[in-house]
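Each of the next two complexes has chain A plus one more chain, namely chain B in the first and chain C in the second.
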Partner chain A sequence: MAVIPRIARAARSYLVRRRLLVVFSVLSLLIILFVFIPLAKIVFLSDKVALWQALLDPTVMKSILLTLYAALITAGIGFILGIPLAYILARNTFPLKGMVEGLIDLPIVVPHTAVGIALLFVFGRNFLLGKWFNSVGVHFVDSLAGIIIAMLFVSVPFLINSAKDGFRKVDVRMENVARTLGASPWQVFHRVTFPLAWRSIMAGTLMMWARGISEFGAVVILAYYPMVTSTLIYERFESYGLTQAIPVAAILVIICAFIFIGFRFILQRDKKRD
Partner chain B sequence: MKKRAIICLLLAMVSGVTACTNSSPSSVSNSTSNPDGKKSTLVVFEADSLMVPFAQIQKEFEQANPDINVEMQAHGSIQVIRQVTELGQDVDVVAVADDSLIPMLMYQTKMPDGQPYANWDIMPATNQLVLAYSSTSKYADEINANNWYQIISRPDVRLGFTDPRMDSVGYRTLMTLKLAESYYGADNILDDTVGKYFSMPITANEEDGVSTIHVPELLEPTADHMVLRGAQMELLALLQSGDVDYTIDYKSTVIQDGLSYIELPSEINLGDSNFAQNYQTVVVKLDYQRFATVNPIFGGLPIVYGMTIANNSKNKDAAIKFIQFVLGPEGQRIFNDCNQPELIPPQCDNISALPDSLKPLFH
Partner chain C sequence: MIELKNVHVKVVDFRLEQINLVVSKGDYCVILGPTGAGKTVLLESIAGLHALRQGAVLLDGKDVTNTVPEERGVSIVYQDYALFPHLTVRENIIFGLRVRHMTKPKIDEALEWICGLFEIQPLLKRLPATLSGGERQRVALSRALITKPEILLLDEPLSALDSESREETRSLIKNTQQKLNITTLHVTHDFAEAMSLADSIVVINQGKIVQFGKPSEIFYHPCSEFVAHFTMARNIFEGNIISQDKQEKVFQTNGIEIFTSSDKIMARYAVIRPEMIQITLEKPISSSNSFPGTVKSIVDRGANILLTIDCLPFFECLLPRQQFEKMSLSIGNQVYLSFLPSSVHLI
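Presenting the complex of A and B:
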């Protein structure tokens, strides 16, 4: 007969023992729902016929592929130019280092329309870099190059910061051991430091790619065409209304969900293997 | 250090939450009588081209009415109205660059209770179109009032063009280019400057002396000549950076931005009511069902701005004060300072529907 009170008591004592976990779980659930519900609403509430039409619409597919591709090139450029800086910031001290680190964070806080205009006033044809690029046939208005510089500017801090943290976690003693065993600095970086920081670098690259995909404000100033998906969603919304814009957003959300969950899965599996 | 950071964060959060709870009742109830000294919020959505004068009006209006806090947002004129009628934004005052948009999109669209979104339209201002350029624009040393349409037809010139589906400058640009054909006796100005540079061309056909310009469903530029943007503001930035050579825009905004411009003849610049009959010979039509209930046709008319209070406004008293301010001496002085031409005297299409305190402005 005393079963129910006993269960209640057990449950209470469990809750007391795991109070931290319980409180944290409730708070976590709130933030998960906050992120999940709007995304789920875009996907599940969009009209099925319209969703199907958007899926078959070549403009939509072309734009999504362009977006993924441009963000990928951007992440590649960020990788080549950002990792050396991340390494220097992690391993060296120099005057004004704090300022450099602050500067790298700035693109995250500057409003993106302002970023677009700022880039235009550097890479526009009337200005130094723009003039130079123009003379070799590269221009940044309504072109892939414009999309890429806009994405690069707003997304590169994610890679640099993540890679920097990764390099910091690598024990300097390991590098020193490799050096005493006769490895050159390049070999140490390539064989020891980079592989040990690899997971942070990959996570940063992925974040950078993701940030590039989502960029709108800066891209739309430089390149209305070719149309990236965020611009397409804006254009569909402005010229046809929500019913036409939501399916495009839904497709992007679905594709990105697969890509990112897939990447997490791979990174997780590699971790287990290590 | 860590502890201090967390305390700061918590403090910021708490102050944020209290700020939210303080301000939300004012935006919900918006009582204009403020016994407790709280500010009421007035939401104004205006056309992009009104941004400069309205920013100054906002400043002086708030000084004159310390109990009112004005929140402004600028969009293309069509978007201004769609924010109200399709997105359900709570907007008190709507001000657009084309007065005919208010009857077209607000009288004919019904609120959930069956009432239209607006039932009167005050016309406070006018404008005219000019051809804007900068000193670094291609052929800037060559262009003049007689050859401008030939220069912007050249394939190596980059012409900025605003999407006519979103912004009034866009469809008015098409009208001016079409009117230029008969004015200059040149046949293909519309086609050579804009029309043929899209994968689905913008075309015109003539019937009973009226040219109808058809805007297709998809506007995708096919050559560098055409630089399309959703809002005219972005084109002015591109003009200054040297990535657009020319664009047709409202004279007031071109002057405000300190750009060079060529005046277009009154017969085609949509800015002179004496030529209203001439303007009526062009019409712009969107070749697809754009709005749920309304099929818009933009008739060639002299440029007149329109202003109204949305029927679902939650702060009508402040909205009325704002309109009185715009039409009063202060507003008129600011318009003048910003080179925004006023309509003298201001007009209203439906005086009997106006709030009583606005009626005396129209005799």
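Presenting the complex of A and C:
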């Protein structure tokens, strides 16, 4: 019978030795469950029939396609405009650089409804750029263009920061060697810097796309219609209650999860290849 | 030929000042200096990677001060080789030809030539991450030389290698340089490496050239206390000349008098290299510089033994192992050290 006290002693000694790990593991488990349970519940416990019906509902389908499409264009615009800035921030020092970096991060922390109002002030029909765009036939209020600029504003920091980190990790001496071998700065960027920072750029672009898909606050103020999925969830919740909102929410969660699984898969595969 | 005329460069907080240097065509010039002396910045400035604040860079007589790096005909090889990790060895090597839009037959011809020179044929399909240090070095050199540059810049090319491949690569570099007769600038902090490779040595410290000359000049006639220290002269004594006649001068330091045949009239330091000192158990019969002393420490350095002898000032002497074993010295032994007046260099 002396076995039990021995086991108890061993367990106690293990707990004492690994105290930090045990405490941290318990706390970690709490936060993992906190994130996992609501997402799992909405996906796995929602009524399968309702989920299927939602998928066949043309309004839902249209809104999902619109959301994916708008976020994709947004990511494309972010890619073209954000990567040059990321490169400049990674490779150069200039006055007020810190302020520029802070400014780029700001959309992450500002409430997105406030972002929507701010964008309305600039791109609304009677304001600044809005007036000019209006004159050339581009409207931002209640239009695809409005959805895109709202998504762009809140999601572009993810791409810029990720690409900036990627560029920073590229050894500047590789660029130097490429220059002395006869490559122009454009060739160096195209053949050395960009391919080496590709993984971070891709991660940033996918993050930006996913962030665009899930944006609600800024979009709802600037473009309630055409309805993106997050607005549709809100509308269904407000008008018909939880049961109508859940299936649409579940579909959006599943889509975001798939993007993320795909994104991690690409990064892992790329890492192995390196 | 490389010619630097009064070059001033500033990179972040680091400055290169008043750099004047001429390296003849086909010469192997080593830039020697401690870490942070500005050696790499100097190389990069020659390659055109930093804008000059002042001065001019001439390559083969042509002013290239405002020429972009890709048009200078200069190749650089860095310490850790900076191979492009996303490209195979073949793609790495032909990078310089590809960006110049050379035709495939010409690329293949150049590749064959460089493969013969560096024996890298079996590595061509591999990625840089799978290569050993020596192989990476050969690939980096191939990549640098396939474009047939006028000037080759090497930034600490041996310091990342183990001692065996270092020897191999050292002779590979020197042989290739001589075969191609390419003007080479090689940066290092290792004095022995500089001595073994250089036709001329530039000693640089805190962004300035301190001394320029043939290896033997730097070795036996350092121009400053810094150069003497850096070239491992070890016995550097502060003092002053107390008497001089035509043949010999007497330099007084720490209470001892050292005879020297140096032709300097004014001097603050006397320098005696450790390998120029003789150690005997008996007092030598004929030597003007002979001092009794006690062995204070013995450091075994393999082929040589470094002894510290206390004869008021401490002298450090380098003794061949065979002689050391014959004398069977140990700490506390009484010995005589002596050196010729011609071995005393005054600064």
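Quick notes
In the analysis below, the second predicted complex is superposed on the first by the 243 of 274 C-alpha atoms of A that agree within 3 Å, B and C clash if a C-alpha of one lies under 4 Å from a C-alpha of the other, contacts with A are read in each partner's own complex, and residues count from 1 in each chain.
Everything below uses one rule, namely that contacts are C-beta pairs under 8 Å (C-beta built on N, C-alpha and C of every residue); 3 or more make two chains touch, one makes a residue touch a chain.
Since the model is a prediction, treat every value here as computed from it, not as a measurement.
Steric overlap between chain B and chain C is absent once the structures are superposed on chain A; the two fit side by side. By the document's definition of touching, of the two partners only chain B reaches A:G130; chain C does not.
When the two complexes are overlaid on their common chain A, residue A:L55 makes contact with neither chain B nor chain C. Shared-chain residue A:I259: touches no atom of chain B or chain C.
Applying the stated contact rule after C-alpha superposition, one finds that A:L72 touches neither chain B nor chain C. Annotation for chain A, partner touching more residues between chain B and chain C: B.
In the superposition on chain A, contact of A:L196 is made with chain C only, not with chain B. Contact with chain B, but none with chain C, is seen for A:V141 once the two complexes are overlaid on the shared chain.
Residue contacts after overlaying the shared chain place A:L242 against chain B, while chain C stays out of touching range. Between chain B and chain C, the smallest C-alpha to C-alpha distance in the superposed model amounts to 22 Å. On chain A, the surface touched by chain B in one complex and the surface touched by chain C in the other have no residue in common. Residues of chain A touching chain B in their complex: 59, 117, 120-121, 124-127, 130, 139-142, 220-221, 224-225, 234-235, 238-242. Across the complex, chain B meets chain A through its residues 76, 79, 82, 86-87, 136, 163, 165-166, 218, 220-221, 224, 227-230, 234, 237-238, 240-244, 290-292.
Across the interface of their complex, chain A is touched by residues 44, 47-49, 68-70, 72, 74-78, 82, 84-86, 95-96, 99-100, 129, 143-144, 147, 149, 153 of chain C. Listed in rising order, the residues of chain A touching chain C in the complex are 171, 173-174, 176-184, 187, 191-192, 195-196, 274.
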